[in-house]
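Each of the next two complexes has chain A plus one more chain, namely chain B in the first and chain C in the second.
Right, the complex of A and B next:
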């Protein structure tokens, strides 16, 4: 293998794939990046066996071939190289970098040792606009569960049906759901549970103006554009029926200015228990009063004006869950709906007159007071 | 300040027949007057002796003996239940007194406390370690009405063995430099940590006494018994025990572990032991009004390799069911990874939260992997029943003693338990 590459392309290629190098591994070759040189350029790949990334970078290849070399070391070196073309060659299992007067030799491992990325056929797959896909991911993946007991909740549910693309994530305490029209090209129906780590890579590597091809093969999913491929294992299992938990009969609605709501919650939450983060919100005619009382610490009281014309109601919430949700609801105003103190509350964006808003809904379960 | 490393001054304070003393103080009219007193479970309920008065011990009664057997040996003895709450209160009171007398105090159990007095020589105006120990003994007696014995020396091992010599109501000091001599007066089996299996292995090498062991070079011990255990034997036989006395701060973990005198391979049996440890840990946790987020299990293989694994879950839990199911999974995984007979099993919880205040509601159906209100209620109910009617009042079916084998699962003659809170 022998090729010349610009320092910038090398740095970019390494940065793209190295995020999927596992930080701890029992399989040494996984700490390496696979280089495959062919006449049309160089492909770099890295994987942690769950998620794999492959990028194609332009290079002048004078001799094809492949080898794996330690990813982190290469990255450290490439970052400090002068801005000159880098010549990369292999000698046996060693990789040699020459750039100006700097020379490096690193011990690599044979390409055959590197686990093959899943082969996913993109025929029969579907196409997603980058902007849509990235928006779905950004608005939902924060809500996945990090608890190991229910693996399906560790993933984002990605549904294709009824001409829509939906993503849903929940940890059982709060849920985020977004729906986007799928466009005419999507005729497939699918229900996939995707690890958030893979979606992070998609969000990091693809751009909003790209068209992303998606393919599925058995238990793997692939995303690709011109020069980037991301593959992931899917999470097996049945996702809970989320439609069922989204309340349809929440009959009390509060319209609130998002920023002032966020600030008020943040202020009073400073005094909330750092274990339960409990705050109490009392809604009454056109205002909401926040109260926090934490034994051994102190209390806080605040209020803001809102649009509310229903019976008074008081609900306890984990402040962190509310703040998290509000961070992703992009609109200036939000609508919070509820029915009873121990029932699910929903938060949705509200558009000004004539303005369309995302079809986005978050659900937050209240805290019950005990003892 | 100059850190001059002089000899350590370690005391072990051990209460004399603690449960008996407390039972007498609690019930002066009956227990207080009975010379022959047995504290523990009832003879009909398959109970065991928790503690016997010194007078009863002369009949051959000892703790952990089935109560029925104890009564055969000593038929005139009065049997009273363990006054648990009073024991905890006295123990706390002793801990408080000791806190005012020594810079570092570590409770090893409800009735045993290690004190580290290193560096207090000047403060105590060069009072001899024996005089200090006697002064502490008297203070504890004056302030808590509990008589204790104190062993003293340069390490925990020596202090612990010396306390045994000091009993009852005495003080025994092993001077620095005399540790090896002191150790040689004990049988191998009396060294804490030397169990029947190790004893047999030692006998196989012709090592029948501590002196025999001292005569063997460290390199040979390592070769025969493995690196860690060889070194351990070499040190222990010379009375060397560098382990520190660690002061307790706010409780950060609760754990319980059990050493088997014969290594166990049967998973079912191990799980039954695990369940008992879980109940004991769960009870302490709930008793403090806490819930926990992290579970740690620990197993020690027959070759002394100790392995552990931890898991943090959200939300915090407090029920025995959840703790047991997670711990069981973790133990299974550990044992699959390295299938060996098990010498010790332990479970602990940490990462505490206070349960008061609020409970996060869930939108999803109750899932078996999560704790339900029912789990919590059941666990608390169990605690209440056991507090009122004794240890065996409410136990899961799988750990109830099996009459067909006449052998219960649990701490008893075949095991050694350690309950720790740190």
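Right, the complex of A and C next:
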């Protein structure tokens, strides 16, 4: 293998794939990046076995071939190279980099040892606009569960049906759901459970103005643009019927200024229990009062003005879940809907005219109030 | 000891030919049980056998006698670098425990280090210097990995070594219970192999979910050849270690001298000899002094001492029956014979004393005070050996 590449392309290529290199692994080859040189350029790949990334970067290839080399070391070296073309060659299982008067030799491992990235056909797949896909990911993947007891909840549900693309994630205590029109090119239906690590890579590597092709093969999913490919294992299993838990009859609605609400929650949460993070919210005509009482620590009281014209109600929430949801809602005002203290509450963004915008909904389960 | 041949990854597999043939045949017929329990004495190659089964499962062109040994999958499996073969083992409890996530991470890092060391040192003595356990965090990590399913290769195998450590003590069964569901319903194309030298310590609910396979010890000739040809031991040392090892390559390795010093299990063997000598002495003070020379905690690490003591008692029995050639500790044969001749030994004493050791072994699993445990053991042994049953 022998090719010349600009320093910038080398740095970019390495940065794109290196986030897939596991920090600790039982398999030495996973610390390496696979280089495959062909007449049309150089492909770099890295994987942690769950998510694999491959990028194609322009290079003048004088001799094809392949080898794996230590990813982090290459990245460290490439960052410090002068801004000159880099000549990369292999000799046996060693990779040699020459840039100006700098010269490096690194021990590699045979390309054959590198785990093959899944072979996914994109022919029967679908196309997603980058902006839509990235928005879906950003608004939902935060809500996945990290508990290993229910593996399906460790992923984001991605549904294609009824002309819509939906993503849903939950840990059983809070849930995020977003729906976007799928566009005319999406004729297929699918229900996939995608690991959030893969979606993080998609969000990091693809741009909003790109068209992303998506393909599925057995239990693997692939995302592809002209020069980037991301592959992931899908999580197997049946996602719970999330529609069932989204309340349809919440009849009390509070319109609140998001930043004031966030600030008030953050203030009183400082005194909340480290275990439950429980805060009490008492809604009454055009105001909400926050109370926290933690016996071995102290108490906090706060209140803000809101739009609320229903019967008074007091509900307990995990402050962390509320803050997390509010961070992703994004609009200046939010609508919080509820029915009773023991029933799920929903939070939705509100537009300038007071109507709900986007098809985005977060659900937060209440906590029992002990008093 | 001469220099051993350079080896990285798994040592060659020896023995258990019949079992391997049966397993290969079962695999060829797609009838290899999904959850296996390989049990047998420590150090006889149970984990090596489990790796062989893993290699069989991922091999691209398995043959009737086993994996081909030549395909890419076999090569990676032999180097302990196959992405679909997962090895979990007892580890010391992490020192700095914070959140559950941090504990799980610490255990995963310890597992990675353990595997790296195992790759560098394929021949390791069956000898423990610290308390280890299959912690609940290790099982959580395993379950997370199992939940992801097999990768592009399509088939995966999990090896859970020394599975008796799932239940460190009777009162702490959480790790064992956490594994039950995975054993009950392994995902498609997933095999799980547990190994254990003390299957009696496993929960019934674990045992009932496995297909047990018993592994016997390796022959003395095979052990001697391995020690000479693969480990690079001198012929006389290899012969002595092979004789004393009772079919266990792990024990044999521990009996070989290392860096000019006696091997760790040789130290244990000598220690066990002193225990036996104390048990035979008339003076209760000598027995008490010997018991008090042990630390006051860490009874679970006495397992190897009890195993060595059992060999000494067996030899004492052989000496009493005038079967000098059956004595394994040949270096002490004259002393053993003298004890049998000079002391008023009860002929059935050694076998009854073995029962005392077994009892002490069970108590040690409950983590009692080793000094008290050994005081009791030496007194009981003395009573049985000298027929002083008053």
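Note that the second predicted complex is superposed on the first by the 365 of 371 C-alpha atoms of A that agree within 3 Å, B and C clash if a C-alpha of one lies under 4 Å from a C-alpha of the other, contacts with A are read in each partner's own complex, and residues count from 1 in each chain.
Note that contacts are C-beta pairs under 8 Å (C-beta built on N, C-alpha and C of every residue); 3 or more make two chains touch, one makes a residue touch a chain.
Computed from a prediction, not measured in an experiment: that's the story for all the values here.
Novice: Record, for the superposition on chain A, whether partners chain B and chain C clash or fit.
Specialist: clash
Novice: Which of the two partners, first being chain B and second being chain C, lies in contact with A:148: first, second, both, or neither?
Specialist: In the superposition, A:148 contacts both chain B and chain C.
Novice: According to the stated criteria, A:113 is in contact with first (chain B), second (chain C), both, or neither; which is it?
Specialist: Touch status of A:113: second partner only.
Novice: Touch check for A:49: first (chain B), second (chain C), both, or neither?
Specialist: second
Novice: Which holds for A:287: it touches chain B only (first), chain C only (second), both, or neither?
Specialist: Touch status of A:287: no partner.
Novice: After lining up the shared chain so the two structures overlap, which partner does A:213 touch, if you call chain B first and chain C second: first, second, both or neither?
Specialist: The answer is neither, since A:213 touches no partner chain.
Novice: Once the structures are superposed on A, label A:72 by its partner contacts, choosing first (chain B), second (chain C), both or neither.
Specialist: neither
Novice: Which partner does A:339 reach: the first (chain B), the second (chain C), both, or neither?
Specialist: A:339: touches no partner chain.
Novice: Does chain B (first) or chain C (second) touch A:253, or do both, or does neither?
Specialist: It touches nothing on chain B or chain C.
Novice: If the two structures are placed on top of each other, which part of chain C overlaps chain B: 113-121, 221-229, 257-265 or 347-355?
Specialist: Among 113-121, 221-229, 257-265 or 347-355, only one stretch of chain C overlaps chain B, namely 257-265.
Novice: Shared contact residues on chain A for chain B and chain C?
Specialist: After superposing on chain A, chain A residues 146, 148-149 contact both chain B and chain C.
Novice: Quick check: in the complex, which residue numbers of chain B touch chain A?
Specialist: 311, 313-314, 316, 353-365, 367, 369-370
Novice: Within their complex, state which residues of chain A touch chain C.
Specialist: The touching residues are 24-30, 49-50, 112-113, 115-119, 146, 148-149, 151, 154, 195, 219-220, 233, 235-236.
Novice: Which residues of chain C touch chain A once you look at their complex with the stated criterion?
Specialist: 72, 76, 80-81, 83, 86-87, 101, 108-109, 111-112, 115-116, 140, 143-144, 147-149, 151-152, 187
Novice: State the interface residues of chain A toward chain B in the complex, per the touch definition above.
Specialist: 146-150, 170-173, 175, 240, 245, 273, 275-276, 278, 295, 316, 318, 342, 344, 363, 365-371
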